[in-house]
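Shared chain: chain A. Partners: chain B in the first complex, chain C in the second.
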Partner chain A sequence: MSVKVEVGAGGIPHNQILIYGLVGSLVLIYLTYLNTITGTEYFSFFGGLAAVVALLWGTDTIKHLCSYGLGTGVPSAGMIALGSGVVAALFGATTGPFAPIVTIIIAAIIGAVAGLMANAVVRMDIPVMVVSLIELAIVGAMTILGLSAMACGTFEFLGMITGEIAILGFIVQSYEFSLIGGSIIAVIFMLGAIAIQHSFNACLGPGEQQDRTLMLAAECGFLSMIPIAIISFAFIGMYAALISLVVSIVGWLYTYKKYIELSQRDAYAWLDAQPILEPKGGA
Partner chain B sequence: MSALGGPKQTGGIQPPTAMGLVIGIVLIVAALALAYLLVQMAGLIALVGIIIGGVLIAFGVHFVPVGGAPAAMGQAPGIATGVAMLAAGAGLAGLFGGAWAAPLGFGVALAGGAIGGGLLMAITCTMVNVIYVFGMGIPAASGKVDKDPITGDTFPEFKSQGTEGHGLPFISWVGGVIGGALGGLGGTLIYLQLLDVYQAQLPVILNATVEQIAPVAVSLAGIFAVGMFLVNAVLAAYNITGTIEGPHDPKFKRFPRAIIAAAVASAVTGIFAIGLLQLVGVF
Partner chain C sequence: MEEIVFGIGITALAGALATVAGAAEDVESDIGSQGDPNSQVQLAPQMGYIHRIFNKAIAGEPPAYGLWVALGAGLAWAFMAMQINPILAIVLGSALAVFVQGIYATTAYLGRTASLAKFGQPVYIDILKSMTTVTMAHAFIAIFATVAMCHLMISALGHPFPLPLLGIVWGIALGAAGSATGNPFYGKERQYQEQKFGAGVPISASGNIVRYAEAGQRNSLDNGFFSAKLGGPASGICFGLIVFFELWRTVVFEEFNIWGPIVVGVVVILVFAIIDRYIEVWARKNFGPYTAPEATEEASS
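Up next, the complex of A and B:
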């Protein structure tokens, strides 16, 4: 019963992006565990990269879901993704080294319930709804877990709720000066939500090209990494945070430049006022 | 049919499927049983509170006059943005009000949440009408009813041809305030229930005083309340599919579907939030 609207055909198939996104974000998040193994904090930035990979995947998922015309605008998909993701990410974080895997499982359960409710009770009757909301919940959860790991150097719950502060030269353990105690998690929530919902919302319409949309997604991801890198100065070592900041800024500059190039390419392609391309059999 | 697209608007309301209802009931019962097993009576009460909160949010969203993109062009009545954004604004304002009033007692906190949400919607609706009337030069006229049920104002003679109505009639203003108040109430209820659970459990697990863990408990309860709020609001938005004028809109009659969906989604996300601390220190 749903109407599909235009989505640029071609590009990398969604299933391929799904596998790259899932495996990529999982591996990158586990690379932050090197912090715990080696006793340093220099590997924190891998958490941010995991979030970027997850955001790329999430953007492509949103593109597929929203091609069915939800009627509520694209941002709602990003909101439900992060809303169900934050519960899964923090629940997963309590399981120590298994955090990323447990997070994925919990997110899949919450996403499946939300998708089932949307299709069977609210009667959206969109074929890809359940799968898409499962994917989006995982994306949201991985984004939050990744950015949290980047900010405080670990994806474990106890690391997220305990922080250290120097008072008159003494190092004091405190719950207040921590990622969750300081409500940095709320900032991460919003940075992730904006990053996931913006790209397709900005690029949709006739002439939408997958590489341009995904490049914008990566740009948004790196842009969200920059504030997190600055926040991480409060929780991890100076040089570790500096590495995160440099990685985020370099990544953002590169993706921004590429995105402008791709935008100019697509703008040029429209110079001859071609008729609107009809999608062939849908994407 | 809004310019945003959306599933075909059928005349009747499609009832939830039997499978959806059965799965929903099973999930709610399972979640309640799990809550009792994990945190005994306190967990059961907390989960019931969370489910009621989620239902209030989903019900409240249906009152809010959402115009979407057509409203921005003065072609449909309502506030010119999506359901998720409006609900998030009202709910979060309510949540802040409620969280601020939390130390003053349960009733005061709930009232604070409701007033916070209602106040935000009252200001938004008023300013939206100021912009519509004095900025865009359009009168308020509903497209769905001929007469305002409260003031008795008539609409057809003010309605421009080719539009679904425009501006924000008084009934929509009232609906917006009710919706904001219900959303704020629901969000605050979820927050208070989770805060109780964490304030009881965290001192035992971390071997600390209630004052020491307060930042962590508040932050956790707050971010989970935000997450659940968005999940419920988006499910309600999917139920509305795009635009709604307020309680007088025929689409308002769809709310039972959203209530079922929100109850199930709140139960599932709620059980993960309540059981959050059960695995801390196990791995």
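Up next, the complex of A and C:
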């Protein structure tokens, strides 16, 4: 039985973030379906925004889970989240327009199994383990689905396994140049896995503040959107990809600036080229 | 026969690239105190030792390098799909991956240091400015060399995996090699020069890392110099050997029998296990554990 250590008490309650995260990412991911309805690709960037919202929620979940003394377990929590998520997202993607909802259900099941295994078999005995791993699996699945939708313009499986390549001026459809065939899904996996754990891993400590950690989570999300926007030039139209790129750069610049301001607020001192300030009374 | 000779040439080239990548990776992570040495750098201010060491904990090195190399490879793959020349594509992909690495490094340092405000550890902006760029430069070399090596495996040796998937596999291997080989050299030799040889690290000495240099105050660039001498090259040899043996056994022995590479792989592992055991026993016998020098003369009283 682990002992719970309170980190950064106060701030927005976790359940509120959970509801905003779940509903927000679901709605935003469905907004990419406008691509299919209108027959364009300009709405792809909503997938990236869904991933940002999911990452905000996932960061808060990791903070809750890791308050049970899992210091070095923070990066592993990100890995299990995205690992469960990628299975759920790929299964869900095969169900057409219902993909996001099916993904959430499958992810919840995978997360529950992983949580029960961790508590009953590995005997970690952490009270919030099952709930947290369910949440993390859903977050991971939504991140994968969102960033995939951003890269190739759709969350449907067929769109993920067909790519187009121009050979001698002719457009040829091929599996090799698709999101899954080219293993871009592996890049999305790593981007999500590092982004989900980085904010809490970077901000942990006695002075951790929820607003700063969540701002960093948003920053990591927008930062992950930038390379996906660049990769999406290979899959979707030039202007659609350009819109994604502008949205991600603007979002990243804003959150990065805000995060530096919040760090400046919380830091003991903000010095440039100064010597070590030895504490009063000596070490 | 000609095919095997060509394959061995590519194998040697890939091994050389891997050696460069491993050396650069270890120096990069040591400048950022990532991995093994991080816990003491993180702990030092809590024990009252305020320091000017760069503390960029992004994740363990294997996941972090899994991301940087997979990202560089993914972007390079996308640029190649857009009909851009492979060399240019790999350079552009690595440069963008390094941009992401640099941003992660700054946010990690700011976050960790701001959360230590209670213990009086200030944020030193000059550290952020001077050291992030140096780690980015080293990371660029590591990422570029690894992605180029993966591209060689696909285009010259006909590896069936797509570039990003090879990137993630070799990125994790690169991080693991640097983390296992080079980091102990920095973490155990450099951070504890104030402890007597053989004294170990008692709890009372936790966080008592070296903070002052021969003249002035030590920062992480000094640790970079230190790592570049032995820890970096050792990591490079480690990763280079991993890549070389991995390709060599396939290129040479697949011709004879489909099971040949697997048998050779097991033999190579056994040979290395025996060599490692021999070195370990030899080192223990010659260097440790610490014993007090025997009193050869009577203490004057």
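Criterion: the second predicted complex is superposed on the first by the 264 of 283 C-alpha atoms of A that agree within 3 Å, B and C clash if a C-alpha of one lies under 4 Å from a C-alpha of the other, contacts with A are read in each partner's own complex, and residues count from 1 in each chain.
We take it that a residue touches a chain if its C-beta (ideal position, glycine included) is under 8 Å from a C-beta of that chain, and two chains touch if they have at least 3 such contacts.
Everything numeric here is computed off the predicted structure, so don't read it as measured data.
Asks: With the two complexes superposed on chain A, say which partner A:Ser183 touches: chain B (first), chain C (second), both, or neither.
Replies: Touch partners of A:Ser183: chain B and chain C.
Asks: In the superposed arrangement, does A:Val86 touch chain B (first), chain C (second), both or neither?
Replies: A:Val86: touches chain B, not chain C.
Asks: Applying the touch criterion given at the start, work out whether A:Gly205 contacts chain B, chain C, both or neither, answering first, second, both or neither.
Replies: second
Asks: Quick check for you: in the superposed arrangement, does A:Phe233 touch first (chain B), second (chain C), both or neither?
Replies: Once the two structures are laid over each other on A, A:Phe233 reaches chain C alone.
Asks: With both complexes superposed on chain A, which partner does A:Leu216 reach: first (chain B), second (chain C), both or neither?
Replies: In the superposed model, A:Leu216 contacts chain C only, not chain B.
Asks: Considering only the touch criterion stated at the top, classify A:Met124 as touching first (chain B), second (chain C), both, or neither.
Replies: Touch partner of A:Met124: chain B, not chain C.
Asks: Regarding the shared-chain residue A:Pro75, is it in contact with chain B (first), chain C (second), both, or neither?
Replies: In the superposition, A:Pro75 contacts both chain B and chain C.
Asks: Is A:Ile62 contacted by the first partner chain B, the second partner chain C, both or neither?
Replies: So A:Ile62 meets neither chain B nor chain C here.
Asks: Between chain B and chain C, whom does A:Ser263 touch in the aligned arrangement: first, second, both, or neither?
Replies: second
Asks: Identify the residues of chain A that lie in both the chain B contact region and the chain C contact region.
Replies: Touching chain B and chain C on chain A: residues 75, 79, 176, 181-183, 186, 189.
Asks: Would you pull the chain B residues touching chain A in the complex into a rising list?
Replies: Touching chain A from chain B are residues 2, 4-8, 10, 14-17, 19-21, 23-24, 27, 68-69, 82-85, 88, 206, 208, 212-213, 215-216, 218-220, 222-224, 226-231, 233-235, 237-242, 257-258, 260-261, 264-265, 268-269, 272-273, 275-283.
Asks: Under the definition above, what is the set of chain A residues touching chain C in their complex?
Replies: It is residues 75, 78-79, 163, 165-166, 176-177, 181-184, 186-187, 189-191, 193-194, 197-199, 201-208, 212-213, 216, 219-220, 223, 226-227, 230-231, 233-234, 256, 259-260, 262-264, 266-279, 282-283 of chain A that touch chain C.
Asks: Report the residues of chain A in contact with chain B in the complex, numbered from low to high.
Replies: It comes out as residues 1-3, 5, 68-73, 75-77, 79-80, 82-88, 90-91, 94-98, 106, 109-110, 113-114, 116-126, 157-158, 161, 175-176, 178, 180-183, 185-186, 189.
Asks: Mind pulling up the chain C residues that touch chain A in the complex?
Replies: Checking each residue of chain C against chain A gives 47-52, 57-60, 63-64, 66-67, 70-71, 73-75, 77-79, 81-83, 96-97, 100, 103-104, 107-108, 110-126, 161-165, 167-168, 211, 217.
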